[in-house]
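Quick one: the structure is below, and I'll ask about it shortly.
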């Protein structure tokens, strides 16, 4: 008996509005409302054009980190990569390398660090990415210390500071750059076979491998991309600080991971969209800024961010509870690591 | 007949959106082996979960020794002497055999309440001896073969002093020989007075073992018969709800010239010096006991694992594959044994699953063209008669047979020469089985060279042109199907010493 | 239950965002001080002094500090202060140069910017409020070591992080001082960095003692380091064999000064430092001073001060010589800060 | 990976050998390294790490992770020392109990989020990490509790000796022994392994999975609380920024000890070795007279080397096992 299979996309308003991103949009709006209520200085053009300058530097890391986490991995070495590449750039510049080349070098070094992570992960599949990047996190920053010791290095050309401080047609250069990268990464993740394969690996690494996905090369590419974006972060961060030290970008990794997770990307891999983390970047950024305008003590800010993370995820959990229950309500299992043995040569 | 120990009256159970059981009746006599049959999704698993108290029935009642009981949960059912041995063996790979047997009801020493390992190991050894299994209870569960793990599961059931044992498709992962052992063990239990609910797809299981058989279809109760008075095709009709005139459709495929040749392939610890060849339009069965290295050979050809020695030739030229990706490019496809872990991405819809291996065909410069994907998925799905509403159905929502068809579709989306099908009908119900056999014949006709790994003698004999029998990692014999009997094959597959 | 819970969570969420509504601003010109990080009593005293000084002049003080001592975090805070159009910003820098861009931006907007305690480079500030002459600090500490070591022997320095602006400056001057013939017999064997972390400082201190058995003096120009060293020497019962001096909080050091492990150490009154900063701020905004050498201004109860030339080429205001804490006076101070 | 007991022992030998070599190298650089006094210091400084890694091992066995312990240490230490500074008379044991209680509460909260509401461990604990840290700032008002505000009894929690052994070492020892008993010889202990080894199977086997998970995080919290008190007493100072980032050291130690992030496998003996290795790295580097700027690089290098050696040894054993295995 010939049976036909439909090709119309299932659609319902309910499922449409039950998407995580809508909650984020809600929070995003709430943040602005609260802020403008709290502070008269908030609702100004500057707020929206200037403020992003102050929190976008680490946002560049959110883009690749989203991929990494969807892949079912995690990378806690990004902060150190930023430091190392920045230091190398500064030293190279003072060693007489023209600034543009120094900047290029910065990106190269950063990408190389990412590649190292990737190579370690692919050639030692038994190790979870947490361990690998934990080790390289210490090593990369260690190298930065070896290079610059107790010195700071700055005095870059004037034009370089424009990167982090100037606007182009009223829009901050850093914002333009970020928008560009964001678009690229979003398309890469959602519109290309590369992105599709990332989701596949995050969902079921073994099945993807058996289906002819070149899992190793994908991991290599993603980690190198992560490194590259760490380099970009280094460029803008250094431009904003006018100088650099081995101890810059400390603890960025956790901030970035927090944003990605708040963006609704599951650390067990395979789920989530780029839109979420992007919203999260601006939610946290503007929240920080707005509460700063009314001089909330840093410690209160910490609490608020923590609560925001846990509570929002709770809402998500509860919302999709009945499904979770039917799925035997099994506890979240960190595929991050589970892939290690599953994939190890047997 | 013997008095009834367990009786289910008009049991119904439904989940959001699904009616899993509707007004189901069942009764089990003391010392009876009662088979429960039905296609996937007929409600067998829910049946078990209700009896073991994982789910509570919405309606109907359960009587134990004639008295109505409420079974609140697994612990509860254990107390009542009911134990279940689940389909996908539910063991703890990191723990020792002893622990797997006694987990949750270990005997503890009085004062310190610490586990009395010495005693447990002894008891475990005894239990295993009862099931005449030789292995050491101290070994890690993960290192045992599937068959051995199943024996441990049975030992577990016995250790709880269960008098009602439910076996959910225990023979599915077993080879003929291992099934024989299991039959013996099961009968042994019966003779000791245990009552057994034996769930299976395999007709031979039922006719070999059961006294009565109860059939479920589409979550409804169809009927109960004494096996002795039942004709095989009647049982099939009862299950499928329609006539299946021939289980193994004969085909007329023109066998062409050689397409795949394996020469002296070896991988330390898995298989040694394996050689065989496949011709266009030919189905070569790769059989033998589980652990004989069949799957490992296939994976080596497919590039999942590197062989140490030997070579693989495709159309006469040597293949150098560093991974499945290359194998697929070169024209070798593999349908893995473990559908759920290796075959499908369950959270993905049909379309995306089908196109994953051939994604580049559906992308221009890496840019995906969903429309093309969906069209292809629809086309293949319909050709293989996948029972799905749309190409956006999640793989996890399909029945075993249809899932298997999807995995096949993944292979057909590409342009391949050789298909390696590892246990293509594992855990697939009778209806779907014939469908898959039809597909295989079709593929052979289309000129694919097919390697079929299988442990089921009837299917090996029914489907293949030639049979490669493996034993302990070596090729024991290569037989022509027409000229060989089940006995010959079994004989070739049997190792000298016991497993 | 679930529904109820969802509500609860959402409520909590909105609370979390709305929480800060309690904290709110008053009127009057705003003067801001930004310290290195929160949870640092020394900083709290300093900001306290600043607050007192600003408020007794009838203005409003804003006290800010990031939760981690990084320049990145301070940049964000400074941006926020700029948008609040504060009159003046008094910065206690986490990095000497990294704040230059943002501080320059502030100056462009007419905000009077000057550093306090831990300075920023001359280009980024109008002037610098220095707790004490850096060179003098270096000299005093070396003198102390000389005195404790009895003129000769091995000495070591246990500093904060290798990136700390002040400490590095002082260590520079100590080295200069040690180069003088008088101290020829004082051998600086190692500069260790405890990163202002208790555990690291302790193991670094223990490391020094293990590696240099005849070490005579440990100089720790940082509050965490000196206290950690004091603890180690006390636990090891090395009081009287290895001496400890440096810069520390009386409250943290009381125990170790009283038990003789640290004969004496130095610090200035952070409250006064902040207080002085407050008057520099108002003097700058009122135009009384511009930060040029020689200008004079009155600083409330502290009396009159003159702007002098700073060793780094900029200008600075000196609070006065560092204060010496020993057995005789520690008891009176340990409760103060 | 599944390894036969034999190869498991092999792999710990690998780790042990690595440690021995490291010590040898250090001894060459500095002859005071292998002295009783120094080893005493080393163990004392490692005690807290060891106590926490015990908890972390249980958490990781269940496929979880806990990032909030650094903050918990700070909170527990702060609360107990604030009480002591308020009432000097308080008995040390009371302070300990207090700290443990605080930690238990935090841990229980983690457990609730993760077990009851199925929040991913990394998220729940990341969130609480911030919340608890913030709370510590608030209750302390940013102030420190200094040595002179603490009673000698309180400080003795860390500095005192019993039969010549320093309390922290003793406590760590007791905890580890109790742990071995608990994890290897009690039902609950084995169920922790079971839950991590195969959650689904745990369900059908009637193991109270959620309760086990909740328990594990609560224990972790309790141990962090204990560690917090010892920390405050040891350094005779309570700060709100105490032990920032300490969780990473603990995780590193646990994983170095061969506890698999995939859950279900890992042995106490390995854990101890891993902890000692990290203890050496954290405390002995100042001794080997290298530029302080090299310390971090070296530390990272050694960690990576150790992890990789582990893997290679393991692979070797597998190969060995394969060669000798009858198919």
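First chain written, first letter: the chains are A, B, C and D, and each begins at residue 1.
The rule we apply is simple: contacts are C-beta pairs under 8 Å (C-beta built on N, C-alpha and C of every residue); 3 or more make two chains touch, one makes a residue touch a chain.
The structure displayed is predicted, hence computed values, not measured ones.
Enquirer: Using direct touches as single steps, what is the fewest number of steps from chain B over to chain C?
Expert: 2
Enquirer: Given the two chain pairs A-C and B-D, which is bridged by the higher number of C-beta pairs in contact?
Expert: Output for the comparison: A-C.
Enquirer: If I average the CA coordinates per chain, which chain comes out farthest from chain A?
Expert: B
Enquirer: On a C-alpha centroid basis, what's the spacing between chain A and chain C, in Å?
Expert: Centre-to-centre distance between chain A and chain C: 34 Å.
Enquirer: Which whole number of Å gives the spacing of the CA centres of chain A and chain B?
Expert: Going by mean C-alpha positions, chain A sits 42 Å from chain B.
Enquirer: Could you state the distance in Å from the CA-based centre of chain C to that of chain D?
Expert: 33
Enquirer: For chain B, which residues are shared contacts with two or more other chains?
Expert: There are none in chain B.
Enquirer: Counting only residues that touch at least 2 other chains, which ones in chain D make the list?
Expert: Only 133, 137, 142, 200, 203, 240, 293 qualify.
Enquirer: Going through chain C residue by residue, note those that touch at least 2 other chains and give them in order.
Expert: 37-39, 67-68, 162
Enquirer: Applying that definition of touch, give me each pair of chains that meets it.
Expert: A-B, A-C, A-D, B-D, C-D
Enquirer: So in the complex, which bits of chain D are touching chain A?
Expert: Touching chain A from chain D are residues 1, 63-65, 67, 113-115, 117-124, 126-135, 137-138, 142, 199-200, 203, 209-210, 213, 240, 245, 248, 251-252, 255, 260-263, 291, 293-301, 303-304, 307-308, 311, 314-315.
Enquirer: Any idea which chain C residues touch chain A in the complex?
Expert: Touching chain A from chain C are residues 2, 5-6, 9-10, 12-14, 16-21, 23-25, 37-39, 62-68, 70-73, 75-77, 79-80, 83-85, 95-102, 105, 161-163, 168.
Enquirer: Per the contact definition, I'd like the list of chain B residues that touch chain D in the complex.
Expert: 52, 54, 73-75, 78, 84, 86, 90-95, 99, 103-104, 106, 108, 112-115, 117, 138-140, 142-143, 268-272, 291-293, 472-473
Enquirer: Residue numbers of chain D touching chain B in their complex, please.
Expert: Counting only chain D, the residues touching chain B are 2-5, 181, 185-187, 190-191, 193-194, 196-198, 200-207, 264-265, 319, 321-323, 325-327.
Enquirer: Provide the residue numbers of chain A that touch chain D in the complex, in ascending order.
Expert: So the residues of chain A in touch with chain D come to 76, 120, 124, 126-128, 130-131, 134-143, 145-146, 149-150, 251, 254, 257-258, 261, 266-268, 297-303, 305-307, 309-310, 313-314, 317-318, 324, 328-334, 336-338, 340-342, 344.
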